[in-house]
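There are two complexes below, and they share subunit A, which is joined by subunit B in the first and by subunit C in the second.
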Partner chain A sequence: MGYPHPSHPRETPVLSKYFGDPAARTLDGWRDRGGYRALQQALAMDPVDIQNVVKDSGLRGRGGAGFPTGVKWSFMKPDGKTHYLCVNGDESEPGTFKDREIMRWTPHQLVEGAAMAAYAIYAETAYIYIRGEFDEPIRRVEQAVADAYAAGILGANAMGSGKRVDVHVHKGAGAYICGEETALMNSLEGRRGNPRIKPPFPAVAGLFGKPTTINNVETVSAAPHILLNGADWYKSLSNPANPKSTGTKLFSVCGNVARPGNYEVGMGFPFKDFLYDLCGGPPAGRRFKAIIPGGSSVPILTPEECETAVMDYEGIQAAGSLLGSGGVICFDDTQDIVRQIARLARFYAHESCAQCTQCREGTAWTTKILERIRDGEGTMQDLDTLLQIADNMTGKTICVLSDSCATPVVSGLKKFRHEFEAKIRPSRSRIMIPDRASEVAA
Partner chain B sequence: MAPEGAHAHDAPYVPVFTAGSAERAKLDELLTRYPSKQAALLPALWILQEARGWVSPEGIDEVAAALDITPAYVRGVVTFYTMYHQHPVGTHFVQVCTTTPCNVCGAEDVVQAFLQHTGCGELGVTSPDGRFTVIEVECLGACGFATPVMINERLVECVSPDSVQDLVAGLD
Partner chain C sequence: MTAPAAPAPAVPGMVTLSIEGRTVSVLPGTSILEAAKHAGILVPHYCYHPSLPVAGVCRMCLVEVEKFPKLAPACATAVGEGQVVHVHSDKAREARKGVLEFLLINHPLDCPVCDQAGECELQDYTFAEGRKDSRYLEAKRFNPMEDFGGDVLYVPNRCILCTRCVRFMDAVAHEPVLNVSERGDRAYIGRDPGADLTHEWAGNVVDLCPVGALLSKDFLNKARAWELDRTASICPGCSQGCNIMVETRDETVVRLRPRPNADVNVHFMCETGRLDYRWLDRRDRLEYPMVRDGAGLVVTDWNTAVAQAASLVRGAATVAVLASPSLGNEALFVLGDLAGSLGASRAYVLPRGDEKPLPGVKDLALRAERAANHTGAMHLGYTETETPFAGLGTGDVVIVADEHLLARQPLALPAGVTVILFGTVIPAWASHATAVALPICTFAEEEGTFTNLRGRVQRYLQAKTPPALARPSYLVIGELAAALGRPRPAPLASAVFDAMADVTPAFTGLRWAKLGLRGLPVLEPVEAGA
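So, the complex of A and B:
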């Protein structure tokens, strides 16, 4: 299938196989497509064995951090305490819209994955936290949960296994920061979505103070496929040359590109082929100027850097950026990079929870300076100030929102400095920069 | 200051979570899902807003009493999240995404078209007939369908400046 475009022959549709197929949304439809067999199998297994299969598969967190999922699950021990699973469906990273399609088209895929993951970490309750703006995804997942309860798949005796698995949908209310795992837990507890200081880590004291695992929607959705088909099958879907990045990944593509949408490819797919064969390249008559490969929080790449990279955690890192959440934002040669980086900074300033000074002040100050440069009122000194603020915003706060604001500024200034300088009036630079002034005098 | 809207600001407050009401039953069911009462705060505020169109100070008092927390605490939570209306808004609350991925696809022109065709003129100001409020919103998570626009809870994909007039005309 595929949505909004039919699947490309070079895609490897696993999670996205039924995107665009409304029949896959219903419980019967999902069962006809092999659904809930993995959960049935899982509930008869020892949770440690499930953890080991996922560990062997090499599955890594798809929310952005890329932490090995099986290892994360293995932090949860049968200690007799109440455990919780939080599924992160707060997808708000600009450029990313993959979880939205999983929830809209295959809600049972997520419910099955959430139930299986909960069982694998010795939890009886899973909360699926979905951002408030996702009205349709919320309705689809709530319907799937209700149908699963009615069919005895969830509840006190899940699928007749004698084990209790509860899944609840929790609707957010508009806050990017609630996608940060500890902010998500605060929000679920009915608090302001301020991130928490770590340690303690969620596996020790998370939701309601209990050991908690937080997984992304795409991550838990992949787990049933791995259990059913085996770790070796999952590894066979990606480039065997890199055993650190396995399986398939959903990439969301947006911005100035011929065919925006979601594409699922094996890890290690050549980025150039992805951009031109699958996504159709830039709009007709234009060229790419810049690409952000993993959601707005990762460094900006030039087309040249991007086109020689392969799409996996290590490949994109080698090119100077990060795989992140897999949101590919394309900018063509008609775009004003300064304007767009200023817009990104405004996003972070709006979304800062204002808990840490470096972030609260830094994001706002950065935005103010960038908009001044955008409007032709900047000075050469502003460029140094931006880098100085960015330095003070990196690695100094409770969460990484502050770093995320600094990243596009620093990488943008490094790679597109000429565009910033072109907006700064020469007369200003003479006045503001002493060494330039002496050059002019000489 | 609250803009003038479809909801009268000075009408007497009608409680939402009264005994026997559907809202009370929904809240009671929600409370079984969490080990603490407070965890039902976000869902309770949603129920309130769906029933009354916004989260009023009286509504905050009512939610606080239902969940055994202080009104000040509830207010602190309400002000953190962007989707709770702290004052009445137009019948059709229009949110246009203008974050970078949509911005490069021309989202700001979509905003201008909405301001023109709804008669709002200005962002955040409800139209004189009380029907529309238009705001810019940060990333709606539908970047591949630029420009996405949320009208109340409905998301409309791929809105262009040219399609705005028909879209507005189709709203009652």
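So, the complex of A and C:
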């Protein structure tokens, strides 16, 4: 299958195998496709053994940070305390829409993964927190949870195992910051979605003050496949040369590209092949100018930097950016980088929770300067100021939203400084940027 | 900025670390910021307040901790054994400079008209280590001023979103009516719909606000902070005995503010106490000794007035003493001693109101007993009464010490009773019967002690000069006592206090010199040399 276009032969569809297959959405359909076998198996196991399988598989958090999932689960001990699992479906990172498709097409895949992960961390309750704007995904997941309860898959006696697994779906109210793990917990508790100071870490005091594990939708969805097929199978899906990044990863591709959409490839896939072979390269007659490889919060790469990179945690890092959430944003040579970065900064300024001074004031100030440069009112001094503001915004706040705003500015200024300068120098009119040129002509 | 050469010997049960080269041992779990205070180092901060939950949001207190990958917020980072902390390293100073610049980009430069100027932490830290210029070329954020109700005015343009006020109303007042509304640089302090800051303790948000965003309407545009003289004192409003600062400008009390005392009021005081200071500035005071001449009172000299009072007492059939429970222990002691020698009854009338606690702080409330020293009065042998003039009649004398009886009006003095008044004013109920009136000081004009409801003896200091010939209460009462054959008390409150402690069981072991400005509990043995 595949959605919105059929899977490319070079893809490795595991999570995305049934994207575009409406029958996979139903409980019966999902069971026909092998669903809930992994959960049945898991519920008969010792949670430590599940943790070990996931540890062996090398699965790492798919939300952006890439923390080893099995290690995270092993922080949760059978200490008699109430534990919680939070599944982060607040997918709001610009350029990222992989979890949306998992929830739309294979909600049972998520429910199964969430139930299994909850059991593996000695929790009886899992909360699936879904971005408020995700209307269809919420309906699909809610339906799947209701069906799973009706079929006895969830509840006091999950799949007849005698073990309790409850899954609740919670709808966010439209804040990007609620995708930050502790802000998500505050939001779930009914508080303002502000990130919390760490320590204490969620594994010690998370949701409702109880030990909590929080995983991305893609991460928990991968877990049942790993349990069913084994850690070695999972590792075999990726480039064996790099044992640190294993399995498959969903990449969301958007922007100026011939075939945007979700692609699932094994870790270590060559970025150049990905861009040109799978995604069809830039639109006809154009060239890539810049690529953001992992959602809007990671450094911008030039096409040259991308084309030599491989798509795993280490490969993208070696190229000077981060794998992040896997949201690949493509800009072609018609795009005005200053305008794009100003737009990104505006997003962060809008979404800053307003707690930390650097973020509250810095994101807005950055936006104002960038928009002034974009509008031709900038000065050379603004460029230095931008970099110094970015420095003051990095590594000094409770969460990384502030850093995320600074990152595209710093990398953009480093790699596309000439575009900024062109807007400042009087000679800027000679740089013909098509969409701006039409405005000038009008 | 190097670590001490030899590690200090570990103190059992304590965490030892180095801050700015100074070694300090503190209890585990202490924040770096508090540990730095122990070492005598101020880590600049805005959102942190010792009486509020930690928020860690202003990011001003970022310090460099060796082996930490990033700067750490000193307010939210617990001390660790052997940590080496730099508060004034280049990295930490640069971070603070950045925060200050961010805080100022939307902050108006209206210090010349801002009430907070002179006691503003944004001003202070900017002056100490901020940038000299601004790189901000854009328009500043604007939000209109808002009346928050009660005594509080909100000026959002000056707000730095430290959330101290939000946390106070939530975690201390347990009336969470304030919140952070909106996001990003559009954020401001919002109120719940229909709610306002009329809570009895809400005025503390003005003190908590580190900048001029929350202002007292009562103090608005009244005086500049640098014009004020500040005197440690005790709130006379109720038996809680909140430690306060009496702030005066040119001998006029313009504001009362809480003075920290962990054992009494932490950092807070109530609105009733805070706003009840105008009587200290009354212009219709009793300023000279006065004696009756026909229908009115005429000014005379001290000797004449005291001699006349003494002769009235000697000629009286019965003498009764009615003292205010808001007089200091020293005056009550001298008056009680005189009453004892005369065989006179000692009584006080206690005004009462509703008890209004501050739920987030243990044992702190606006007390139902609305007098500062009713515990002291009890300890000194006075008894509370509802009917202070019962049994008095023609030919009797009642010695009244600053009792206004405002709470008990109308209260008729029996016909034929003569009043000898030690007073700050002549109360209406006594004016027709007063034979001698001797002017005394208010608590703000003299030194003395109050005993609060938990038996804590606390000193108040003289904040302003008394009007005309008014003298300290214990001194004036002592003049009458001397005229009636009692030994003349020493002229200083300290000496009167020590003499009182020598002979009064309730004050055993206390010494003026040991009281300090935070007071000591009475009825608890004081160890030798403590």
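Keep in mind that, in the parts below, the second predicted complex is superposed on the first by the 424 of 442 C-alpha atoms of A that agree within 3 Å, B and C clash if a C-alpha of one lies under 4 Å from a C-alpha of the other, contacts with A are read in each partner's own complex, and residues count from 1 in each chain.
As a working rule, a contact is a pair of C-beta atoms (placed from the backbone, for glycine too) under 8 Å apart; a residue touches a chain by one contact, two chains touch by 3 or more.
This structure is a prediction, so every number in the text was calculated from the model and none was measured.
When the two structures are aligned on the shared chain, A:Lys415 is found in touch with neither subunit B nor subunit C.
In the superposition on chain A, contact is made by A:His350 with both subunit B and subunit C. For subunit A, the partner touching the most residues, choosing from subunit B and subunit C, is B.
Using the contact criterion defined above for the overlaid structures, shared-chain residue A:Lys163 touches neither subunit B nor subunit C, since it reaches no partner.
Look at A:Gly132: by the touch rule set out above, it reaches subunit B but stays clear of subunit C. Judged by the touch definition given at the top, the superposed model places A:Arg192 against both subunit B and subunit C.
Of the residues of subunit A, those at positions 175, 192, 350-351, 353 touch subunit B in one of the two structures and subunit C in the other. Remark: subunit B residues 33-36, 38-43, 45-46, 67, 69, 76-77, 80-84, 98-101, 103-105, 137-146, 150, 153-155 touch subunit A in the complex. Every residue of subunit C that touches subunit A in the complex is listed here, in rising order: 54-60, 62, 70-71, 73, 76, 94-95, 98-99, 101-103, 105-106, 135-138, 160-161, 163, 179-180, 182-187. On subunit A, the positions that touch subunit B within their shared complex are 4, 82, 91-97, 99-100, 131-136, 166, 168, 170-176, 187-193, 208, 252-256, 260-262, 296, 327, 329, 331-332, 335, 340, 343-344, 347, 350-351, 353. Those residues of subunit A that touch subunit C in the shared complex are 175, 177, 192, 197, 349-358, 360-365, 368-369, 372, 381, 385, 391-392, 395-398.
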